[in-house]
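Shared between the two complexes below is chain A, which pairs with chain B and chain C, respectively.
This part shows the complex of A and B:
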């Protein structure tokens, strides 16, 4: 029964991780920008949701809408004011990475200064666990997280496969010059990728606020999960990032069967390291992803 | 006041060792390690363990720390450097977080959250270094030696190979350079030398705990290198001095609550990292050498 409980918790956490990692992977795939400030978008959205609902008592749809807006604005601002000026003179991985890291540090400390460094969480009737079977507790949010992850991912896949901008985004990752030939502006396409990739962290941010709780350092954890899931799944594969996130969430929870909770990050690392050793291309990576 | 300056100078020289060794891989080899604080910690805990359990002197304790740091970095670098640069970033981030858990949980060796106290003073040639002034001399000597080693390495054919790999890995490979071995060696050398700083730190404070070896420390070290200037010899030293003087400078500002100084310090160097990357990617001192570029970015 404990195992089943851990499996369900793992699915819920994995769903959250999957959505977050897919956002990171989408941005990386389309723009080749290693957006480590993705965790900052997550932190901003989560804290805004917590502040508007738990502190101000605003209705949650409004709060969720504001969180989406904040994440999208943050993503677009990063693209417009940080990444684009850097890429104008040189597009090195190094400079982009350091700048994004700097933003992550700033956001984490600003939030710590404004909202305090302790743990905060949002309690709703949805996060109260119900005993569905003797000894098996499931909170409605768990089901909601899984459903939303599936819907979100399916929607994104359809968007990328069927719509004009979705196709442009996939094309951008393959060949930026060709985009220009077809009369599209690569900058615009990149902005779409940032807007969608950032918006998609919001469900994960809200569910984390409702379940595990938040602290300002949550961004670093999100960053590790996003990077690990992207590598485990195979760089450049959205499907891979989703499965990678799911696997990490499951592994983290199933490990609780034998280990104490403080080892959860160790489990993430072990999974990541095993993949780097034995299957560096990840689940769905192209065989030559490793150069 | 004198004691304050001595203390600051010792801490600056210890951090400068870390910044210089990090710069060796970050600046010259283009390898992005977020795990430098971990090797600092391994050096500190190992030296303490060897000194307290076996009564070892400074040199033996430091050598033990260097050896362990070298082995751990080898285990990290061998698989993670075979593939793309992003893998090493992720793997080092993961290892750093794992290390913090181990430093906190392995209570019999690391003392857990409480840390280890009453570390005996460093013994060097039968001589106990207890005076802060003498310790400053010792740490400056270590820093000087390490700077010389790094300088010699950078100017050797090994250093030229590193820079060639940083600028174009495929081209270096085509010229017959064994890219994986050269990069791995650089990481091992850098990590082993970082352990020296750990040993100095432990013997100096005679107290260590996990707080000194967390992710934030790794980030601060990275900021020192970047702000000062990557791939220069002086840059990391300048960056170290600037960042370590920052809290003292901030405490002179009025209306600043003391509890927020740590956060504001981090915000300041976060901001400095962002602005430098946009306007001056080579860092403050980085005008002689071109900023490192990696093939992973879009050109």
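This part shows the complex of A and C:
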């Protein structure tokens, strides 16, 4: 029964990781911008959801809508006011990374100043597990997270494959000049990628506020997991990021079946190292020959 | 040339102003977490220390104004040492407030070498009593807490089977060792000991392991946001047994967490209604924060007041306020009237105080067993 319990816990956590990692992967895949501040979008959305529901008593659909809006505005502002000016002047990868990292720290401190530095969480019956079989506890939020991850990922895949803007985003990662040939503005396409990538982080942020709770530094952990999932799944592959997130969530929980709990997070990075060594392109990434 | 002269003048002015500022005040240091997941502790400890400074200055207890230079330890040993080096070598403070077992153990050698006193009011590892004569504690260490808590839980409350969830950190390991020694002595049994990484945030599967062990009580030995996360996730995932912890549960984050209601935790005995210093601190703290004070407020207020009393004595004797002189003065007179009553330093620089047991009731905690001295 313990193994089944760990499997269900792993699926729930993996779904949350997948939702977060897919957003990062979409942005990185389309724009090649290493958006470390993705964790800040997560933190902003999660705190706004907590503040509006737990403190102000707003109905949750309204709170979730505001969280989506805030995450999208943050993502667009990062693209417009941070990344685009840097790329216009020199475009060095490391400069972009440091700028994004700086924003992540600023957001962390602002959140701490505005909402306090302690632990907060949304108390809801959705996170309360019920005993479905003797010794097997499942929370409604687990089913919600898994369903939403599947729906979100399927919807995003269809959007990228079938719509005009979706195809433009895929093309942007391949050849920005080609986008211009077709009369599209690469900057506008990049903004779409940031908006969608930031919006898709919100369900994971809300589920985290309900299940694990929040502190201002939560974004750093989220970013680490997103990055690991993106590498495991294959850089630039949405499907890979989703599977990568799921695999890491499962590995973190299933490790407890045989190992002591202090190894659970280390297992995540063992998986990452194994991929880096034996399959550097990840699940679905395309291998690049050394030049 | 004119620009160079202007810059030189400005530099001289700045130096003069800095020197004047230094002479106008007496400065102590604080090496506390101001950012990261444990920043709420730094905020709490710093506010209590600032209240003591406010009182000392209002009462003109020293010849000059007292101030605190805060540096951010992030509750990590590495950052703690960086901050301590700055306080000792740049700010040249004689006295530093410290917190967290890991940070305190890391900064103690720096203070010892520079003959600067470090005072801990938050870390609880028993080996903090052995860090040299320049490292003092104004908090009863966890060995004393557990020696009172274990017999209470096992013998008085009948929780025979105890599961422990503890953080992979010197504080967590110290608590594990103390429980392993004291629970069997009291007639109980440790049925699970689950160590979790310091940065872990997911405990649903830990809850499954706890349920599998079938304890009467779950003892949580972590701190900061993590201890609240453990409580919430245990409760959300089918762990309905009694919860207990050490003094870290007096943090407002935990005491106000709905899932933590009913949890038991020890602190040193403080009667906030006692007339004099205790009542004054309680009144001013409530006025400033709107909250009831807890044991940490007493500790950091007391830590600053220990400095004030020692510095006052040195000023009377006409001696400079240095770490060395503060230590000699404490050795000559190590007894202080502070918040919670009389505090006596033991020769190793730590304190022994009566320990009380509290229950989380949504406020600052309900007293369930009065002060007992650890055997």
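Going forward, the second predicted complex is superposed on the first by the 280 of 291 C-alpha atoms of A that agree within 3 Å, B and C clash if a C-alpha of one lies under 4 Å from a C-alpha of the other, contacts with A are read in each partner's own complex, and residues count from 1 in each chain.
What we mean here is this: contacts are C-beta pairs under 8 Å (C-beta built on N, C-alpha and C of every residue); 3 or more make two chains touch, one makes a residue touch a chain.
Quick caveat: nothing in here was measured; it's all calculated off a predicted structure.
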| item | value |
| --- | --- |
| Chain A as common anchor, with chain B and chain C clashing or fitting | clash |
| Touching partner for A:199 - first (chain B), second (chain C), both, neither | neither |
| Partner chain in contact with A:190 - chain B first, chain C second, else both or neither | neither |
| Residue contacts on chain A - larger count, chain B or chain C | B |
| First (chain B), second (chain C), both or neither touched by A:109 | both |
| Chain B versus chain C as contact partner of A:139, first or second or both or neither | second |
| First, second, both or neither for A:129, with chain B first and chain C second | second |
| Chain B versus chain C as contact partner of A:70, first or second or both or neither | neither |
| Which superposed partner A:262 touches (first chain B, second chain C, both, neither) | both |
| Clash with chain B, by chain C stretch, listed 20-28, 56-64 or 74-82 | 74-82 |
| Chain A positions touched by chain B in one structure and by chain C in the second | 108-109, 112, 260, 262, 265-266 |
| Chain A partner contacts - residues on chain C that touch it in the complex | 35-37, 39-40, 42-43, 168, 194-197, 199-209, 211-212, 224-225, 228-229, 232-233, 236-238, 251-253, 257-259 |
| In the complex with chain C, residue positions of chain A that touch it | 2, 5-6, 9-10, 12-13, 108-109, 112, 116-119, 121, 123, 127-129, 131, 135, 137, 139, 211-213, 215-218, 221, 252-253, 256, 260-262, 264-266 |
| Chain B - residues contacting chain A, complex | 30, 32, 79-80, 82-87, 89-91, 93-95, 97-98, 101-102, 104-105, 169-170, 215, 219, 222, 226, 260, 263-264, 266-267, 269-274, 277-278, 281, 291-299 |
| Touch list for chain A against partner chain B, complex | 31-32, 34, 82, 85-87, 89-99, 101-106, 108-110, 112-113, 176, 220, 223-224, 227-228, 231, 235, 260, 262-263, 265-266, 268-269, 272-273, 276-277, 280, 289-291 |
